[in-house]
Amino acid sequence: MDPTTAMYVSQGIHGLAYGMILFLVASGVSLIIGMMHIFNLAHAGFFMLSAYFTYQFVAWTGNFWLALLLAPIATGFCGMLMERFLLRPLRGSGVIGDLILTVGVALCIDALVKVIWGTANKPLSKPPLLQGMVHFAGLDYPYYRLFVIGLAVVVLLIMALLLYKTRIGKIVRAAVSDNDMVNALGINIPLLFTFVFGVGIWLAGVAGAAIAPILSVFPGLALQMGMDAFIVVAVAGFGSLRGAFMVSILFGLMNSYGVQFISQLAPLSMFIFMAIVMIFFPHGFFGESEEE
Amino acid sequence: MKTGKGILMFFYVFSFFFLLTAMSPIQATAAVKAKFDVNKMADMSGFDPNNFPNPTGDTIKIAIVATFSGPAAAVGEGFWLYATWAAYDINKRGGLMVDGKKKLIQLFKADTMSRPDQAKKICEQMVLQEGVKFLWGADGSHIVKIMNQTANKYKVIAVNMISLSEDLQDAKNFSPYAFMSWWQTSQVGRSFAYYFGQRKKEKKFYIMCQDYVFGHEMAENFKKGLKEYYPEAQIVGEDFHKLFATDYAPYITKIKASGAEVIYTGDWDPDATNLLKQSRAMGLKLPFAHIYMGNPATLASLGVEATTGLLIGSPYSNGNPAFKTPEQIKYHKTMMDAYKRFKPPYNKMDYMLGWDPLAMEFSWLLSVIERAGSVDAEKIIKTWEGDTYEYVNGHVKTMRACDHNTIQETYILEYVPPDQQRQSFNIPPYHWSDKSALYGPAFRVPAEKVLPWMDPNLERCKGKKPSDIN
Amino acid sequence: MLLEVQNLNTYYVTSHVLQNVSLNVNEGEVVALLGRNGMGKSTTLKSIMGLVKPKSGTVTFQGKNVTGLPPFRVAKAGIAYVPEERRIFPQLSVMDNLEMGIKGGKQSTKEGIWTVERIFNHFPILKERAKQQGRYLSGGEQQMLTIGRALMGNPSLLLVDEPTEGLAPLMVREVRDILENINKDTGVSILLVEHNVKVAMSLANRIYLMGKAHIGFSGSKDELEANPEVRAKYLEV
Amino acid sequence: MNILETKGLFHDYSGLEVLFDVNLQIEEGERHAIIGPNGAGKTTLFNTITGTCCPSRGKVFFKGKEITGYPPYKLTRLGMGRSFQLTSTFDRLVTFQNVRLAVLSKRGIRFNLFKKVDKMTDVNLETLEIIKRINLDQEILVPASLLSYGKHRSLEISMALATNPDLILLDEPTAGMSRDETHTAVEMIKRLTAGKTVVVIEHDMDVVFSLADRITVLHYGKILATGAPDEIRNNQAVKDAYLGESENGGITTRHSA
Amino acid sequence: MKKAIKWILWIILGIGLILIPKIFGIYYTNFFVSLAIMAVFSQSINIELGYTRILNFGHAMFFGMGGYGAAQALALIPGMPILGAVLCGMLGGGLLALVLSPLVVRVSGMACAMLHVAFNALFFMLAMKLRPLTGGEDGISGFPIPPFNIPGIISIDMTNPLNFYYFAVAVLGISMWLMWYFTKTPFGQIMIGIRDNPKRVNYLGFKVPESRALVYIVGGSFAGVSGSMYALFQNLFSSDATSGLNSFQPVLMTMVGGIGTFIGPIIGSAFFSVVEELARRYTERVELVMGLTLIIVILFAPMGFMGLYRDLKARWGKAPSLPKI
């Protein structure tokens, strides 16, 4: 491969990698909206929390793999607590109430992270196994980023299996279309909501844990990711996982090729794209309009 | 949700970059009016920034204006450390003679939350309710504008510590009550340009800055500097990424393909850390010419090889070898003794190298107060305009009278592996850090090559040259 | 007595849609609840199921008080609900739809338990379409699917809401026959809400007629046949 | 002259024909009831007439003028009023304010930003008068959502009447009422609509027979019969439609979803 | 009698406002000004969100237009009077609302909220990007604050905080009164009608989309007024003030005070400002305090303080309790 082609190819892989991370975060947002009709503004906060957990577990055990497993689970558990004790009492009080509550939780996560871990950057090294670059046909690419893509694909597959092959997945899909009916069939819907919320947060947690070695862990990590994930969900439409996947990848590619060709406009391109989409499809590409 | 809160998220890291501690005194060309004398220093063994014995009553009241909450809270933390360090020393010595009476220094935390409205509120609270006479801060040039405005309105002194924007002292925004004692973006750009022009090793430059006013200013000024001092240089690429970007890979791929030899960046943390980390992970080994990329924790996590060759610009450190005089050694030792005792949040690596650059800034202010013998703003202004002050490392600063900018020489330092750090750290253990490359040879940029910009429209400066002190 | 409803009062915001409704269903019986639109028949079923919270009154099922419990608990107690408008899960296959009805995820292997095969015996047409998504079924097939799905939970009582609504005449007959067979074969009791009087009369042992928000008549089929005034008042034009 | 007329009205709802060639003629001054079993398309018919949704084919004429596809506010300004099956008032406004909005509309006061509504004496007096006529003077300052059901329905109907329309369409005015409330409501409707044209959808046959001069029976989107109450009562097709098993009529035109 | 009491209360309020600087000093006077700016900002969103249920979660755009309008008017046009600058801000906000209104009347509910968050994000990015126009993050600053001038009669220096206070109280007070009057006109009734039941409003013969657009424009204009007062008060307007976070602020204040009531946003702004002030003085964890406050308020008083007040009154049997919106 000549260097120019290699550059274009690696831009494509970058786009894919970022798109995958974005999808992990956005899919959780989308899942929660689709099923519970709650727009969780604290989602990115949990993403950050998981990165901190990863840092902490590595500090305790020195084992990145263990941290990668445990941090998202711990984060998901925090999410379940939030659903059970804060969101459930509020069910049915409307869009605005949910928004305020999740803003409140987001603020608290930001503050608590600082109380516990302080304000300094927490650097986290990649596991030795994944340091270095892969050389392939004139293309150099870091192992870890390939690992992130792989991890996201694995999570995606697990989610797909869970959603399409297991009973609980079927229940979730059924509940998205009609949760009263599922309830009447003898399935504990409030418990299911808590579970789904936990899984959504877990997805954000996986993204946070995976990205921690690439980024440094710092308070405010939530800001950028939250914005990007929001844009994905808004453009894709609420509750559409398929849409979230496609738009995430699209944005990833748009970002890396945008930087390549229209560097000055690249940061704006996502927003302009979103604005245009929302003018013509106010409910997103794959969303359905809700009845007022 | 808010992407750019941080404009100010300022230099979160702060300390590391400028932390080039004690070094040998230069031969001061002109007699300085005052200097920091290590031998007069009080016993610092009781110093603890978490428990600063803040005096009350009839005191000299100084507000530390900074972000103490939110993502950029580390800024306030650092400011507090620098100020309490210097104030603790003076208070231990019995305070300063002001208006015929010895008075202690009382410090106030003024949290701006990085918001202009909050900054206005807190500055007014400080001045009107607490009776503060000095505002020392702040992070973010729009916050500094608010601080300066407040000072101007209520006739107190404001000292801009770390905002490098030049329009703060231009004809539109100049206030006689506001002083600027650090350095400016044009000085940063010209320092590097002068350095590269002299070194003539690299010719192809890539500019990578954050996409907001400061980043663009940094880039512009570097380009201007190159035109002036290194016309043969080539800019092979110029990119501005958004603040707090998460993925730099596309930029890094682009830089790799551009054939650049040096990357010039104005990024501060967390962007600076992420940019460096991701560059190295992706096999981009080029040196960065930077001012805020020196977070010791990040450097340590990257290791020696990945950090060797980085170039840091600073207005503080001077030549090698450092720690030449017993005074400097004593000062450094005092600081490190204190650091060992620190509790969270001050026990982090960011302060491992010391904090004298900004503590010295505070000491200059205290020295001006002492010599004015008053907290009266007019007297302070009179004393400070045209003042010269020598820092503990021999660095000399001069306050230009007409626009309150600081004339000084600047330095470019190259990072070298631990075994070569002895040239700048010539006391045991003979290196700054054994985990990463750090300060090696320092290149001195003479003050006349990097004079601060002077607004030709500023009435007070009409008919003066930038080198005129008075 | 299998199900006993006493003095049920239900409100939608301020509208008093059920006023002191009392009814009961015995073991193995088919009971029909008839009346014109908007009288509160569906609300009665929903109140029993817990989908709507009654304000006062009691629902007792097999001696256990199930008033105001969340629907999934009522379902676990042994009541299954076949809603009007055939609320199947459109994105799931027929098979998956059926399996959704299984309580606790695994059907036990005990004798007399509803299995997918047994459902397919009763509804051969569903077997042909087992792999298809629910949304591609015709109305009649969807109706059968909801009934089958409810049976998968092995209920003792089926609450069936307007099963023949909107179906072609042939289908109406078929659905009717299926309900009859289920009741005859397995002894499952059925509480049926129906506007098609002929279907209801042919299935039910006992009949309740609903007027506005209240039960206006209760009795056997014959009693109703013998009482044209009541018929005219509650059912005819 | 017919005040309202529909010609060959069809309405598709995602492939399902809800209305099938409906030709309705309402004479000026008559009280006309539309009855039919569930899902016969009664409310859809109202919606196509009053502009909530457009017919897929056919035309609607009001006072001899074609109004097909007119939005509701235009129809209201032309003199058509409508009440809803599900009570549709302004829940957090009190009775008085609810009715006053209708009065404001009738007087054409819309984008007036220069006078306080509380100071518009004539508007307020007229509102009071209407409230007295519907016997809600005790509840004048009670938010609509807190009215008892019957009173809430009265408010609903009176709001349709307060714009002083020439033609009033009432969608199940007594739905959900108790027997006593129904009786009162029917009396009220009779009183308030004296001399006006009324079209009413109703399931309660007592109400239908005590109100209507003429009846139309809708079954599976088709008009089964139209005529005086007695004719309808004795019509076999109608009987079958109500008791099920109707093999004749439009049953096969309705495809299941 | 009742009228007399009302007048006396108004007079007491007026005297109180005049005396605030005398009693509390300049610091609290300025505290009051910034509170009042937020109150007007919150009220302008309340008109849209609370009264008409236009889920506008991008109100900082209009605030931004107001701020930039006023600041640029003063910076570019020599001799611009101070009221002219405020008017420019108002026009700026109103104009943006006019431009966006065709979009807004098309969608409702969650989609409307998302649309606004999206446009707000775009607006913020543009404010950062279009540095020649907006000064980016550093903002427009150093523009002259002209004296309040009635030629030949009076000229008051507006850089004096005391004088500015009276000016601000007058402008903000009049804005507040205008919004109050707006809710009391026949149109104000239509507005509430649209919130409760747009379908019925249509059937009563009012044009719903046009009415929504008018409310939107009025809300945008008054957000513009508060933005321009903010710019004058700070003598600086930076892109910071147009961020999404600044859109949430007034919504939170309105919610906490009691949405859909006129007094709610005022109470909410006051509550927020005071809590923030106290948190800042006595703790170093302002965010934590604000976050917990929000959670507690929403859990225990989901309709805000006015809702709580009404519920308590209902419990004591003095007034009926209203349903939630």
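Should a chain be cited, it is by its letter among A, B, C, D and E, assigned in written order, with residues numbered from 1 in that chain.
Note that in this section a contact is a pair of C-beta atoms (placed from the backbone, for glycine too) under 8 Å apart; a residue touches a chain by one contact, two chains touch by 3 or more.
Computed from a predicted structure; not experimentally measured.
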For subunit A and subunit C, chains touching each: none
Label of the chain whose CA centroid is most distant from the centroid of subunit E: C
Gap in Å, rounded to a whole number, between the CA centres of subunit E and subunit C: 54
Euclidean distance of C-alpha centroids - subunit A vs subunit D, Å: 50
Subunit B and subunit C: spacing of chain centres that average the CA atoms, whole Å: 78
Centroid spacing, where centroids are CA-atom means, of subunit A and subunit B in whole angstrom: 37
Per-residue multi-chain contacts in subunit C, two or more chains: 13
Residues within subunit D bordering two or more other chains: 145-146
Sequence positions of subunit E contacting 2 or more other chains: 117, 121, 129, 248, 285, 287, 323, 325
Pairs of chains in contact (touch as defined earlier), listed by label: A-B, A-C, A-E, B-E, C-D, D-E
Subunit C residues touching subunit A - in the complex, by the definition given at the top: 49-51, 70-72, 74-76, 80-81, 83, 87, 89-92, 96, 99-101, 103, 105, 149-150, 153
Subunit A residues within the subunit E interface of the complex: 39, 86, 89-90, 93-97, 99-101, 103-108, 110-112, 115, 227, 230-231, 234, 238, 267-268, 271-272, 274-275, 278-279, 282-284, 289-290, 292
Complex contact set, residues of subunit C against subunit D: 12-17, 19, 36-39, 138-140, 142, 162, 164-169, 171-172, 195-199, 211-213, 233, 235-237
Residue ranges of subunit A touching subunit C (in the complex, touch as defined): 167, 170-171, 173-174, 176-178, 180-190
Subunit D - residues contacting subunit C, complex: 35, 37-39, 87, 145-149, 152, 172, 175-179, 182, 203-205, 217, 232-233, 238-239, 242-245, 247, 251-252, 254-257
